[in-house]
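There are structures below to look over.
Two complexes follow with subunit A in common, the first pairing it with subunit B and the second with subunit C.
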Partner chain A sequence: MFTTDILSQVVINGLSLSAIYILVALGFTLLFGIMKVVNFSHGAFAMLGGYALFISYGSYKLPYIIALFGSAFTVALISLIFEFLVFKWFYQKMFQSMIGLMGLNMAIVYASVMIWDISERSIPSPDQSILTFGELSIPMDRLWIMSVTLVVLGLFWYFVTYSRQGLAMRAASQDLEIAAAQGINPNRIYKLAFFIAIFMTALAGGLYAQTYALSPFMGERPLMVAFIVVILGGMGSIPGAALGGLILGLGESFLSTFYGGAVSSFVSFGSVVILLILRPWGLLGKPE
Partner chain B sequence: MIKAIQNNTESSSQATEMSPRKFTSWQVLLGLTFLILLLIWPQFTTNKFYFTMGTMIALSVIGASSLNLIIRTGHISLAHAAFMGVAAYTCVLSQIYFHINFALACALGCSMSAFLALILGPILLRLTGKYFVLVTFMVGEIIRLVFINWQSLTGGSNGIQEIPRGLDLFKNPTSFYYFSLLISFLCIVFVRRILSSDLGRAIDSLREVESLAECSGIPVSKIKISMFVIACFLVGFQGILQVYLVGYIDPGSFNSEASLNMVVMNVIGGMYHLSGPILGSIFITTLPEFLRGYVDFQRVIFGVVLIVVMAALPGGLMGILFKLKVFLLKALHLEVKNK
Partner chain C sequence: MLSKSKLKIFFCLLTLAVTNTAFAQEELKIGGIGPLSGGGTAWGTALQRGMQMAIDEVNASGGLKVGGKTYTPKLVMFDDQYTAAGGRVAADRLVNSEKVNFIVGPIGSPSVLSVVPVTTQGNVVLLSNGFSPAILKNEAKSPYNFRTMNSTVEFGPAMIKWYRQNYPEAKKVALIAPNDAVGQSVVPQLEAYYIANGFEVWKELYDRGSKEFTPLITRMIAQKVDLFDLNSNAPGEAALLLKQARQSGYKGKIWQVGGPSVEEIIDIAGPLAEGFISLNVFDFDAPVAQKFIKTYRQKFGDGVINAQTPGWYNATQILFESIRRAGTIDTLKVRDTLQKMDGYDAGLFGPVSWGGMGDYGVDHQLLLRFWIVEVKGGKVVTKAALHPDKH
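Moving on to the complex of A and B:
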């Protein structure tokens, strides 16, 4: 059962799952870390990303890379309207944001049911071929997911560590008032962080919809994943989101291959509950 | 410790006499009118639809007001519907396998849910704030997964189609309505009694400043756990009656969305007043019926309502009413009481 052949396949599947999970969770943790908003409408933005990719790549047949980044960019740009109409009211209000954004989630999901009906669609894969290295065989679409994610994560890391705006974002997440006293405009930082978070979520949503299926309700799973990953890694912690995404992706791929989907969900939920009780601030977070 | 509690009881019982917790006469009048209306409207209609609606509202009031008991201790549980499901499954399964009568099975179901709450409560209630919300969300999901995956017992995601007969009065929509009204009335009275007693005062204090409450000799975790257990016991009635209203068990009705709905009822109505969840459940249960035929659009409206309420009116409907009252009193040049 545990041959190298199967195990390597499990690891590759796990890594591509982790890539999507990390992207989803990074957006979530960014919104939480800087604005203290628990984004219950995260799945809805992932779903919008899926539809944007469906339209640009599935219907209009744009080149894959342009379609992928373009659709995520468009969704993030359009979502700034939601930032102006909805999110603005909930910054720094953790509890109100939870319920209010559940409302936003409901509104977006059912509005897209009205636009696109509830039938499931599939987005064509960019490349069906399989790459073989000796015994190792890697499906090309998985490789796409991993490389796109790596590029985005790299850019994000560079932006946060080396650019002035990234520095301002880090400062705002540590202490907003002091940051504002240093001349950082919180509203601009909020808009920037919101844009980046939604960009990554929409990108992840496109990749997710391509791997599984696209429907207005597909956002539930990414939302749940974002929850689990962020709790695993620690709320608001960026390296925590990366670590949590890796653990969840690999663990889920391993467990669901060998023991079935039910066991894998039980284990992931169960371990999160145990972690929450013993170490509520997560693996890499800081206790409050 | 005990002495401190006794002292505390004495001092707060003195305060009760002066407190605004007693009903004022116009509140009693309003409540009685409302109750009489609820009792007599079935005489003027024969439409089955209205009876079902009335029953549904009465049932959701049970869930919302019992959840209010947990919310008052400062915790927001997203596993409430899952506990409701535990009671419903236990009730139906015990009737199928042990052939016991309905009343006993009902008691068994609610006790089972309370028992589960008693086991989980001490562990879960160590957490506060957002962590409690998240952990109950996960626990609710785990319970739902058990319902779906334990196929030999629970029938998997199809649920249980053939449920035992239950009481005779369940066949008649009118008597079902009166029965659920009675249960939900008893439930509200029970919750109200707890919240307006010295215990309720202790609950309020531990919500506001937990450490200070503990220093004053209030057994904080004991109270929290017992409120959690009582609330889960009460919500069992909703689960069981709901199953008999629909006629079969559907695991989908015990998911996190159902729990969320209960929280939303509390939030829209106003959390820190018992009339809040009652108003909220009337609002949330009837709103979809006004927008029938536009099922998707209704959900969109619903979402927008939630956003607006949370952004602009954190006190909920009760908050609006209270502001209106203050405004009216000021306009009439009367003195503003209670705050």
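Moving on to the complex of A and C:
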């Protein structure tokens, strides 16, 4: 079974899975990194991204790139209402945020049930073709996800590393009081970080719904994946989310292919438990 | 203009007529249990509508004539939310508060299995659906419960035999199923049927809720299987399994001994669904179906007609005919008559045929005709009509 063809397909499958996992985890880790908010409503925002893409691309047939990024932008913009009404009360309150945002998650999910009903929908793919190299198959829609993940990761890294706003964000995440003393407005930085986090979450949600299926309950899986990836990589660490996503995606692909789904779940979750015992701050996180 | 005295006479006669009708036409409550909220809503609505169509038809023809009496059947429907707890509450209310003698539904093993003890104790005739053999095969020997839809035990052997006859070159089949009560009960049944038909079986279970199957499918492709059975997977998962199998380069046949999920699979997998073969529980293109479709459209509009709707219409019609023939609404006599309904044709599925003695120890399984369909050019084309073997 360990032939070159199969191993190559395992790597391709793993990279494609990693891309989805990384994209899903980015917004989650950013909110924690800057505001110390454990966003249990992460899946609900991913779901809203899915419906926005369904409406803009599936129903109104906007050009794909415009629909994809426009949907995420719209969801992030509308979500500023939630920031004003709910999120801002939970900044720097890790435990309260978990319960409060779990409630928000339920409210958004069941509001969506009332608006769109419970049935599963599918978002058409921009390209259903499959690239084949000998025995190797790469679906074009997965290549799209890998490309979007790379672009988003690159842009986000550039923003955080080189822009003034990005620098301010990093300063606020390290020491809020010192950052404020240097003239950084925490409220403005929080709003910006919130907007970027929800933008990335909604973008991930759109791609996730397109790859799998769209329904008001679709956010449960992305939330779980984001949580595992972020714990693995280190809460609040962007490179950690990238590394965590890569390890989880490649690991799942390899273990599921060669040893089956049960072994894969056992090893993946088992590793997270062991890591939490030995290195609670994750692979690239910082100890408190 | 009518004079005052004539008006009085007219109203007296009208009152007399209404009173007489009320005495002649007694109401007969028929219980219905099905999911009217949550993930199974489409199935519960199908049950409710199928029953209502049969009830309306009987009432339009002057009511249900039983012995010297004429009854007006009335549907009393309860939502079980597709859960065991919901089924139990619905059955308790129907049997103990509404005092019904006949219940149609529920759908899904957990709910049916929680309803059966209530209806058995209350001597209430139950016509249900659900894949678990325990629905009929139990200690009480199912004195009052009948299953009016096929389960894997009924359609599985006939379908696999059909596949073997039509694709004799197939050697190895893959079964990927959810690792829960559904997968764990259906996969061993199917495995036995495949082996009996000369197939080698490869199987794999996944966590319910998974959406990413490419690693498992790569594992499946490495096993060199030439047939992939989507078996007991729910429509959403079945569609993703098919889509990801084709995207991963699987070239063999894909079919589903279960479901049916054909429309959902076409919707999600698009052109990748081409060549997919599946079970279907009703043939909407058949000439006998056209009157049913027309009546449905008049009552419920232009939406999708769930394929279970005709099955529930059929079950309710069989129940009414057995009450007519029994000449009483006494459940023991109706139950006895129901068992002898072989040959009666309610119009959509052909003559009634009860079976199940060999599999469940009681002949309370309605053996319904079913169809094998294939996706060709994005459309569903009927390939064959089959009938379960009588055991």
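Assorted remarks:
The rule is simple: the second predicted complex is superposed on the first by the 282 of 288 C-alpha atoms of A that agree within 3 Å, B and C clash if a C-alpha of one lies under 4 Å from a C-alpha of the other, contacts with A are read in each partner's own complex, and residues count from 1 in each chain.
Simple rule for what comes next: a residue touches a chain if its C-beta (ideal position, glycine included) is under 8 Å from a C-beta of that chain, and two chains touch if they have at least 3 such contacts.
Given the structure is predicted, the values throughout are model-derived calculations rather than measurements.
When the two complexes are overlaid on their common chain A, residue A:F266 makes contact with subunit B while staying clear of subunit C. After overlaying the two complexes on the shared chain, residue contacts for A:L283 are found with neither subunit B nor subunit C. In the superposition on chain A, A:E135 contacts subunit C only, with no contact to subunit B. By the touch criterion stated above, A:G103 is placed in contact with subunit B alone, subunit C being left untouched. Residue contacts after overlaying the shared chain place A:I231 against subunit B, while subunit C stays out of touching range.
When the shared chain is aligned, no partner comes close enough to touch A:V160: not subunit B, not subunit C. In the superposition on chain A, A:S122 contacts subunit C only, with no contact to subunit B. In the superposed model, A:V38 lies in contact with subunit B only, and not with subunit C. Comparing the two interfaces of subunit A, the one with subunit B and the one with subunit C have residues 262, 265 in common. Of all the residues in subunit A, the ones that touch subunit C in their complex are 1, 3, 6, 9-10, 13, 16-17, 20, 118-120, 122, 124-125, 128, 130, 132, 135-137, 139, 142, 211-213, 215, 220-221, 252-258, 260-262, 264-265. Subunit A meets subunit B in the complex at residues 38, 86, 89-90, 94-111, 113-114, 224, 227, 231, 235, 262, 265-266, 269-270, 272-273, 276-277, 280.
Of all the residues in subunit C, the ones that touch subunit A in their complex are 38-39, 41-42, 179, 204-207, 209-212, 214-216, 218-219, 222, 235-236, 239-240, 246-249, 264, 267-268, 270-272.
Listed in rising order, the residues of subunit B touching subunit A in the complex are 76, 123-124, 126-127, 129-131, 133-135, 137-139, 141-142, 145, 149, 260, 263-264, 267, 296-297, 299-300, 302-307, 309-312, 314.
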